[in-house]
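Chain lettering (A, B and C) follows the sequence in which the chains are written, and residue indices restart at 1 in each chain.
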Amino acid sequence: MVGLVAVGLPAALLIRLLTVAATLALARRARTCRWVALVGSMLASLLTVTVALEVIASGLSVEGVLVRHAASGIVFDYAVTPLSAWFLMVLGVVAIPTALYSAAYFSHSVVASRIAVVGTAFNVLVGSLEAVFTASGVVAFLCAWEVMTLATAALVATEHQERASRRAAYLYLVMSHIGTGCLVAGFLVLAGQAGSLSFSALLSGHVVSGPLRDGLFALFFVGFGVKAGVIPLHVWLPEAHPAAPSSVSALMSAVLITAGIYGLYRVCGFGLGVPDQNWALALMAVGMLSAILGVLYALTQTDLKRLLAYSTIENSGIIVLGLGAAMMALAHDQRALATVAVAASLTHVLNHAIFKGLLFLGAGSVVMATGTRQIEQFGGLLRRMPWTGLFFLIGALSISGLPLLNGFPGEWLTFQALLLGFTATPGLVRLNFPLAGAMLALTSALAAACFVRAFGISFLALPRSPAAGSAHESPLLMLVPQAWLATLCVGLGLVPGVALRALEGVIVSLPGLQLTSPMAEGAWGMASGIGSFDHVVPGIFGVAVLSALAFAALLTVRREAVARRVPTWACGGDLTARTEYTATAFSKPLLMIFRAVYRPRRQVDSLADVSPYFPQEVRYRTEIEPTFERYMYAPLVRLVLGSARGMRVLQAGSLHTYLAYVLVLAVILLIWLGGTT
Amino acid sequence: MIPDAFLTIGASLLQAGGMLAAAPLLRTAIKKMKARLQNRQGPPLLQGYYDLAKLIRKEPVRSETASWVYVAGPRVYFAAAVAATTLVPVLVAVAPLEAAGGILLLVGTLAFGRFALATAALDTGSPFGGMGASRDMTIAALAEPALMLGLFAQALAAGTMNLGVLVRALVQQGPSWHPSDLLAFAGLFIIVIAETGRIPVDNPATHLELTMIHEAMVLEYAGPDLALVEWASAVKELLYLTLLVNLFMPVGIATSVETEALFVALMAWTGKVFLLAIAVTVVESTNAKLRLFRVPELVSVSLGLAFLALAIRFL
Amino acid sequence: MTANILIFCAAGMLVTAYLMVGQKALFTTIRLYGVQSLLLGIVATTIAIAESRPELFVTAALTVTLKAILIPWFLMRTVDRIGIHREIEPFLSVPASLLVCLGLTVVGYRVSTGFQEGARGVGHHLIGVALSLLLIGLFLMVTRKKAITQILALLTVENAVFLVALGVTSGMPLIVELGISFDVILAVLVLGVLVRRIVGRFESMDVSRLSKLKG
């Protein structure tokens, strides 16, 4: 076992490189190519998960050197700290079923014809994510970060004949590069101060102080925030996630955003010294904003994958909120409280990855079966795709934060952190905590409404289009991964202590955190970690619910034999899909209530031949205002384009002018150098 | 000596059974009082039980469009409501299943039931189900933060989120007479009105498609399925009132399992729930139902009060 | 016990103020004001008994008869006569108003910790509630359009001032109190007449229309 841990990561990297080579070599033979790419990915992921689990269990970091170039002094080394291991494990938990799913999913439509590219990009994406989580130096980290961005962009642009996909990929690249730019700047300043490129020196927390530290925090916050998809840096996410093939969307929503979260943890939370109170406020505010706006936007989407993408923003917000609470606690030296908050946030990272992966895989199956992503075109799918429907329902229940499933532990712990935070911090700042609590409650209730809608409109009642009526269940190969993730949803919901106990090792490895009392009550229960504030054992309660369920069944079983099936009363007409409640109508009350956020616009056209009182056709169009795109990014883009136009004067296009620039610059530099020496 | 596990199971069964038995009475009592305020005779006090008995004996009639979700909906809703009763202290200052969890688990469980019923309502293809589900989830979503904050205000004052421990702490401290008590109570009372589908938020007696909320959601149900829904709603209502009563006026609640103490507790609990029921009746009788889009205003008042309750206790 | 009653009533007054902000029916608003004044009367009576100051009984009686019965009755009659029963859209939506009021209450409470007794005594709550009421009353005057609501807001401010007086010094001298009471009743009468004149002139009691009076 020890040997495996030591060579695990290089071996995984080797497997990935071989897989990529084989995939490209076999590009002509689509089927073989597909299997090679995905089985290779699974093998590599298995290795990394093993390493990750071992590190988490032992609590000891694994370090090693990949490449050492003596002449330039550049070293690519890696370090699997417990925190890295946690994210590595999350990646593996989703990447393995996703790869298996892809083995079937990539055989259809456009992806099939580009399997070599997609297979390669898939491997590169997972590999670079592994590298991001384990890099222990700035150069390796930034390289991996950039490769990850490019691989994702390639996958987003898989269907590049579609304008929307190209636009999504472009937007993603632009936003990512803004983020990467901030990161590069931040790391350069940090490295300049520390005189080293290794994380252990850079992120020791003693490198910078004062206003410079605040500036660096802002840079890193923006840089990692873009990847984490928090509002207002989220604009790329709802475009890019749906555009990619569904299994890749699963990977992006479940794990790619956690790359940003990982960065926030590593650098903003625990790398720049004791956090400032204002940083924590910024994180909490952004977290709340993302959570509430994410779910509100998700509620109105009619594109299933976009809906899931917005809900990713929401969950990312909850995770960031937890981290913000932890930082607030650290700023006030409340270590035990910070521990609870970190546990909440990291638990949600894992659980969100599982149920969001599951939901995206389910969405992929539905999209494959019906050929559309529009919820209004689905309907009645539960009868035609019973297994997919069941798994999607489990995912929907989980993401709504309902007890007995795995969305609950993260939200439960976050609530603990917020409530304890209210009593533990001084002054008016503490009012943030109940505010965040109210926001979180609203968010989870809205998420429930959102997923009642997503599941109910898509899977229940009558088919709303011919495509939905002739849908078929997905092949076994696509169902098995979903079954696995659904099992994890239920399992981690019933025995939350397992994940929490594993997390304890991760928590104590972070600077400034300490565990006063264990948070895992055996495998079955969770406690609030401070005193005896609260505890929960979903398993016991599950038994109570099951007993009550059995009682209900017993009460009604006597007449079950004479149950009759009759047509639904449709007010005297025929019951068709047109009489069903639509997804748009379902979210209309909330759209009206939160119209200050949505600023909806609607247009009703009545097309009449003879008289306006007898319309032949009524067309209804509604849209919500893209607030951030219109009021934040549009002016920004105008500014950039405007200044670019201004700079065009410099770009004369004449060789001599350019040479003159060089000359002038050289002279200035020489004078400057002469002045300083 | 009986092992603890058996004691817990026994207490849970007793409490769940008791709540199930008492719940229909509460609904009928409110109906009756309302009728009296309108100079009508009103139904006999046992009408709730007659209705349930009759519904359970009827044949289940279900839509042919519906799937298993439709059948599961009422059962899960019922199970959630019944299981939730074991998390709340009723007569004794101990919740039978307080080892399982506290406020968050309680709220989550009720949300689970709502999720199940709302999803099932979408299954028949009837527009009413969708309408009801949409409105019910909307109001629930708005009410949730106020409900949570109101409960948190009490929880933080006592330093625990576990309802059993919380009530014991309250009994031990005696009434705190802090302004935040009253604020939280007022906030929660509004929420209880909203969550139990009473006027001014919803009208339990209407079947007019434009105004009904909860009734629209369960419009397609008949027979035993409907019985489960109705019964569970009644249990939920009793549960909310009990929660209010025991969190804010834990007077008379038994701290030991002696016949005398239990008897006093039973009397006290009945009296206090009855008082609250009168309050609900008065509110129902003197107010007009609000438009759906006016409900957020009412709920925001309650959210404001709950937030204030939290804030001023620690300012 | 005294302290408990005082705090309970003060909190009740705050709740009525919030309910006033939270809804728009004029009748209900007037009733809420009545309840608020009644609670104030109880506060005064309680202090009178506890500190055995008979002159406060007079004040309490005045408060209850005038503000809990007479003024509400008069205002209801006015509303009935002019036949306008609802506040139209206020300048700020109800949820937003509540948010502002929350802030105001927090401010009021925060400030009250600086007063004598400092920590957690009865005075702290009375003054906190009173300051919050004062601010909420002013806020209502700023954002509501109907003249009747404006009067009620003014009266709420007056209640708040009275509560502060009770909280800080156990009440003002009787003569001052009498003066204020008659001032209030006179103000209400004048304003009531004014409302009817406004309605007669503009067929509305939207005070924002008064801006049309300028040349």
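We adopt the following convention: a contact is a pair of C-beta atoms (placed from the backbone, for glycine too) under 8 Å apart; a residue touches a chain by one contact, two chains touch by 3 or more.
Note that this is a predicted model, so its numbers are computed, not measured.
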item	value
Chain closest to the middle, measuring from C-alpha centroids that were averaged per chain	A
Of A-C and A-B, whichever chain pair has more C-beta contact pairs	A-B
Rounded Å distance, chain A centre to chain B centre (Cα mean)	36
Centre distance in Å when chain A and chain C are each reduced to the mean of their C-alpha atoms	51
Where chain A touches two or more other chains, by residue	431
Touching two or more other chains - residues of chain C	93, 106, 110
In chain B, residues with contacts to at least two other chains	296, 303, 307, 311
Parts of chain B lying in touch with chain C, wherever the complex brings them together	175, 177-183, 186, 296-298, 300-301, 303-305, 307-308, 311-312, 315
Chain C - residues contacting chain A, complex	93, 106, 110
Interface residues, chain A side, partner chain B - complex	380, 382-383, 393, 397, 400-404, 408, 412, 415-416, 419, 422-423, 430-431, 434-435, 437-439, 441-442, 444-446, 448-449, 451-453, 455-457, 459-462, 528, 531-538, 540-541, 544-549, 551-553, 555-556, 559-560, 562-570, 575, 577, 579-582, 585-590, 592-593
In the complex, chain C residues that touch chain B	3-4, 7-8, 10-12, 14-15, 18-19, 21-23, 93-95, 98-99, 101-102, 105-106, 109-110, 113, 125, 128-129
Chain C-facing residues of chain A, complex	428, 431, 596
